[in-house]
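To start, I am sharing the structure in question, which I have written as structure tokens.
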Amino acid sequence: MAIKDSPAPADRSEPIIVVDSVSKSFGPVTVLSGVSLEVTRGSMVAIVGRSGSGKSTLLRCMNALEEIDAGTIRVCGHNVDMADRATVRRLRDDVGMVFQSYNLFPHLTVLRNITLALTAVQKKSKAEAETVARRVLGLVGLADKEAAYPEQLSGGQAQRVAIARSLALNPKVMLFDEVTSALDPELTGEVLKVMEDLATGGMTMVLVTHEMGFAKRVADTVVFMHQGKVWEAGPPEKIFADPQTPELRQFLSSGL
Amino acid sequence: MAIKDSPAPADRSEPIIVVDSVSKSFGPVTVLSGVSLEVTRGSMVAIVGRSGSGKSTLLRCMNALEEIDAGTIRVCGHNVDMADRATVRRLRDDVGMVFQSYNLFPHLTVLRNITLALTAVQKKSKAEAETVARRVLGLVGLADKEAAYPEQLSGGQAQRVAIARSLALNPKVMLFDEVTSALDPELTGEVLKVMEDLATGGMTMVLVTHEMGFAKRVADTVVFMHQGKVWEAGPPEKIFADPQTPELRQFLSSGL
Amino acid sequence: MNTFSTGHFFYLIEAARWTIVLSLLAFAGGGILGLVLALCRVSENRVVRFLATIYVQVIQGTPLLVVLFLSYYGLSIIGYNIDALLAAGFSLTLYTAAFLGEIWRGCILSVPKTQWEAANCIGLNRAQQYYYVVLPQAVRIAIPPTVGFMVQIVKNTSLASIIGFVELTRAGQVVNNSTFQPFLTFVFVALIYFAMCYPLSLASRYFERRLKVGN
Amino acid sequence: MVSYVFNFSFLERTWTQFLMGAGQTIVLAGSAIVLGFILGVVCAVLRTGGGRVASTIVGAYVEVIRNTPLLVQIFIVYFGLPTIGLRLSAEASAIIALAINTGAYSSEIIRSGIESIARGQLEAAECLGLSRVQVYWHIILLPAIERTYPALCSQFVLLMLASSITSQISAQELTAEANIIQAETFRSFEVYLVVAVVYLGLSILFRAALHLIGVLAFVRRRRLGTPL
Amino acid sequence: DALADIRERGEIAIAIDLGVPPWGMLDADLKPAGADVEIATKLAEDLGVNLRIVEVTGPNRVPFLLTNKADIVVSSFAITPERAEVVDFVPYSVNRLIVFAPKDIEMNGLEGLAGKNIGVVRGNLQDTELTKKAPESTILTRYDDDATTIQALLSGQVEGMSAPYGIYLNLAERFPDQNLEPKADVVQQPLGIGLRQNEPELKAWLLDWAEKSHADGSLNEVFEAYMGGPLPDLTSEFELVRASLQ
């Protein structure tokens, strides 16, 4: 996949995520069939495709939230396999995820939602954790909501808290599922800036999105999924300007 | 507000929704302060604005889901007042709503989610209700998912079921809260077509959105909310081309 | 034959002390073992799950009276003489744990799967997922059935009369048999039980209200 | 070490009695469970959505019943009602008292389920125009009962075991039969063991039946394969 | 040897049910009282040891005895062949069981019970005896103890009840407006002091004691005080036990 030049020293051409011929069904419904994908360290991959094409499922498989039926997935050197609890635990230290449905903890305040993993997993002190939490809350423009409970947030605020919660852990790989869907253009722009900074800092990001403008601007690589397969993939200029398949052409043509 | 010419015979200039100086706080947080708005029958109003500016709250107030602290709201001739249960019930027969968080009923299948109100409220027979449900499911492209349960749906599918559930009831006024946020461009286009048909049929629609392209294309009137106030309102050409306030200018400028 | 007097009333009150002691034993022992049991019942390990299921099935299916009887006299018969209080504490713990464990399992399972996933994804280990995310949410729905069961325990300690405890109910029977004034006697018995159980109900309401904050 | 020789020979003469007792317990507890569950649902609904008066009355009912002994309640139905001219058989009194008792406990359990339903669900249902009754019926009750089903089942098994107390007012059931046999033979240990086994059998039977009902009633769990 | 043990300890643990007046109950000062208590007190005195009353209930009398938690049971134990297989008995009293009912209810003798609803204590002697002797059409309603049965009689759930004569006397005195009267004699059943099997020394001592107390009238004295009539002759019962000792 494309490599973005950046000051980080690590070997950028080595793939940090390798998805190899992965298939997955829910009962009779085949959701992924033979998906293969490589993501290099520090790159930003956007996955686009129609609703129901398996984007969320692919992300969940990468993070060991779904059992796969066939194929292999390697992320940050870990062989992803739900059954192997020890590996899964190490995988979690390296991978962060933001869900399409946020999944904030309803019984905790915004601040506590963020500091939880910092204190419990990364063993930071309370004060330290809160400093980090306040910094990321500031990044997403929610410094004034730290004492609120999730049900007191608007849709966009909840989504930003979910983003902040993952960012605070500073993982090597971030998986974003439609992470700007509830954000207005202004905020989207701000979140985007944050992401670009992270990518420059060497973080690898995979994001599912249906906003083509966003994909075009941020991604090194765009992956178009269709019917559970990787239908086309390539740098955004190529994908958007010169689609090879009629499916992608149709998908793009309907944009507003 | 702007009037769209259409074949329906009713008096189109008469306002079907009148929001007059409405204020609303959650404890110390003032969310709406002196909002006034009129929506004429058969028109399509898009509400835009930053996250947390009170868009969802305004919609919820119109549908008697939140108590208002001051001001009055009239919808379809009903004086909206949460305390007056009889009126609220009549209001609900005339108004449909799609939530930002979908709120599908997890214990019912997709089909039953839709037929429930048709049989229980509109007293349609089971067969009749299912015919209607299948038709609207077809409209949103989910004919094959009628037997699935909400947790088996992808984000975009759940959102479309929520839309279908409201459409099936064929209310006079529809309130949509970020109804295309989980939809890809292709689907957004399709849902849009459905909406335009409905508007032509005389349905009044108020929709909150943060996709300016969508607002530009579908709305007769665009309302820009800022800090709990209606900051600017007018036809889309005017709002987007010639913003009067620096806030709106800034809001629009950051679009991707 | 004599008539119900204040002396009888104090006799009942004195017997109620045993009811309290036995209830506290049941709460303490049953609460701890019950939590372990609930966690075992939702464990990922099949063997653990299976064993816990068997335990729940057997103990829930056996009347407390029989458990008490067998652990006191039964052990005696095979040569272990144990103290009545120990036998009662042991039986009540076994019994309470089986029911509390089952109640709590239901509450744990009612926390949506997505909450587990989110907790898992931020790197919490299994114990932390329980402690920080799942149990706090399960507790709210667990309070009413838990308290409901606890007030039943208070009354079920009366079965310990089978192994010789003269607790409130047995004392009521003795008084009734001496005075033949069942209504008066049992109204007082009921009032004393009410005085012991109602505070539990009040506490339950209080905690329910407190936990509602932010939910 | 006490030398005690176990002797189960009495079973030869009495096994039909045990069986009959078990049958009577099933009828007694079964009817009380059905009635008590219905009562519990009604009370839970009134408590959460029935207005101030109804909710206060139900609250008082729940507190009084939960915090006083079952035995006293049974005595009041059996010995107290005749004083106002209503004389019921022991079995009828037992079923009524047990149902009233279970109703109080189940209503609290179901209430906690009702209160755990997300507000968004209720809003969505109201927005579709469902009346209050319809919201309860279609949206709240089934998920509420589904969530608290394990606790309810435990409560019902408890009721089955507690039905033994009704032998005190001459209701015929398992414990009553066992007491007769024990008084005749003095084989307390053996009788207790047999009773334990029969009750265990009964409770496994009840659990299986309740599980089956759960599987039939909660279609979604069945289809998605979520354990009950 | 239990007897030696008791002497060595200087204390005898006697199991008594204090919930079955007039055998065992609490007096106005909430002290144990009743026929069994007086007999147990005398027994301990004559044995020259202290008395420790172990409170038991009907169902756990035997388990307490068999698991050494009491030395003997003096608790209105009716002697039956089936029970004799599990514990040994030394007779000390009799239980005269009658059926009584309010005056205005027509029932004379055991035949008079036909079609009547009679309350009994479940599994007690009156239950088994009436099951055998009462006419087919008699309805026996079984309760757990005398107090409940009495309540059933007073509240009209049963028409008459069967109980020891002593209870009848008590009730007649206490509820004069009920106009209770004896209707039929059921049985006179010897009651025994219960002890564990294979304790010949203790059994022999108890037998000697019972015979002596019977002869000197002290057992009769207690009986008359509580049951309102003389204690019938127990000699033949003693002989049966004496024979079993050889």
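All chains are identified by letter, namely A, B, C, D and E, in their written order; residue positions are counted from 1 within each chain.
Convention: a contact is a pair of C-beta atoms (placed from the backbone, for glycine too) under 8 Å apart; a residue touches a chain by one contact, two chains touch by 3 or more.
In UniProt terms the chains read A, B = Amino acid ABC transporter ATP-binding protein; C, D = Amino acid ABC transporter permease.
Please read all numbers here as calculations on a predicted model, not as lab measurements.
S.K.: Count the smallest number of chain-to-chain hops linking chain A with chain E, moving only between touching chains.
M.R.: Shortest path length, in steps: 2.
S.K.: Enumerate, in label order, the chains that touch chain A and chain B alike.
M.R.: none
S.K.: More C-beta pairs touching across which pair, C-E or C-D?
M.R.: Between the chain pairs C-E and C-D, C-D carries more contacts.
S.K.: What is the distance in Å between the mean C-alpha positions of chain B and chain E?
M.R.: That pair's centroid distance is 84 Å.
S.K.: Suppose each chain is reduced to the average of its Cα coordinates; what separation in Å results between chain B and chain D?
M.R.: 47
S.K.: Taking each chain's centre as the mean of its CA atoms, how far is chain D from chain E in angstrom?
M.R.: From the centre of chain D to the centre of chain E is 37 Å.
S.K.: Roughly how far is chain B from chain C, going centre to centre by Cα mean, in whole Å?
M.R.: About 51 Å, centre to centre.
S.K.: Can you list the residues of chain C that touch 2 or more other chains?
M.R.: 69, 73, 76-77, 182, in rising order.
S.K.: Got the chain D residues that touch at least 2 other chains?
M.R.: Counting only residues that touch two or more other chains, chain D contributes 2, 4, 75, 79-80, 188-189.
S.K.: Check each residue of chain A and list the ones that touch at least two other chains.
M.R.: Chain A, residues with two or more chain partners: 101, 151.
S.K.: Dump the list of chain pairs that touch, please.
M.R.: Every pair of chains in contact is listed here: A-B, A-C, B-D, C-D, C-E, D-E.
S.K.: Residue numbers of chain A touching chain C in their complex, please.
M.R.: 63, 65, 89, 92-93, 95-97, 99, 101, 103-109, 116-117, 120-122, 149, 151, 165-166, 169
S.K.: Which of the residues in chain C come into contact with chain D in the complex?
M.R.: 57-58, 60-66, 69-70, 73-74, 76-77, 79, 99, 102-103, 105-107, 109-110, 140-145, 147-149, 151-152, 155, 158, 169, 182-183, 186-187, 189-190, 193-194, 197-198, 201
S.K.: Report the residues of chain C in contact with chain A in the complex, numbered from low to high.
M.R.: So the residues of chain C touching chain A come out as 114-115, 117-125, 128, 132-133, 136-137, 213-215.
S.K.: Hey, which residues of chain D end up touching chain E in the complex?
M.R.: 2, 4, 7, 75, 78-80, 82-83, 87, 90, 167-170, 176, 179-189
S.K.: Can you tell me which positions in chain B touch chain A when the two form their complex?
M.R.: Where chain B meets chain A, its residues are 26, 48-52, 55-57, 100-101, 152, 154-157, 160, 177-178, 181-190, 192, 210-214, 217, 250-252, 254-256.
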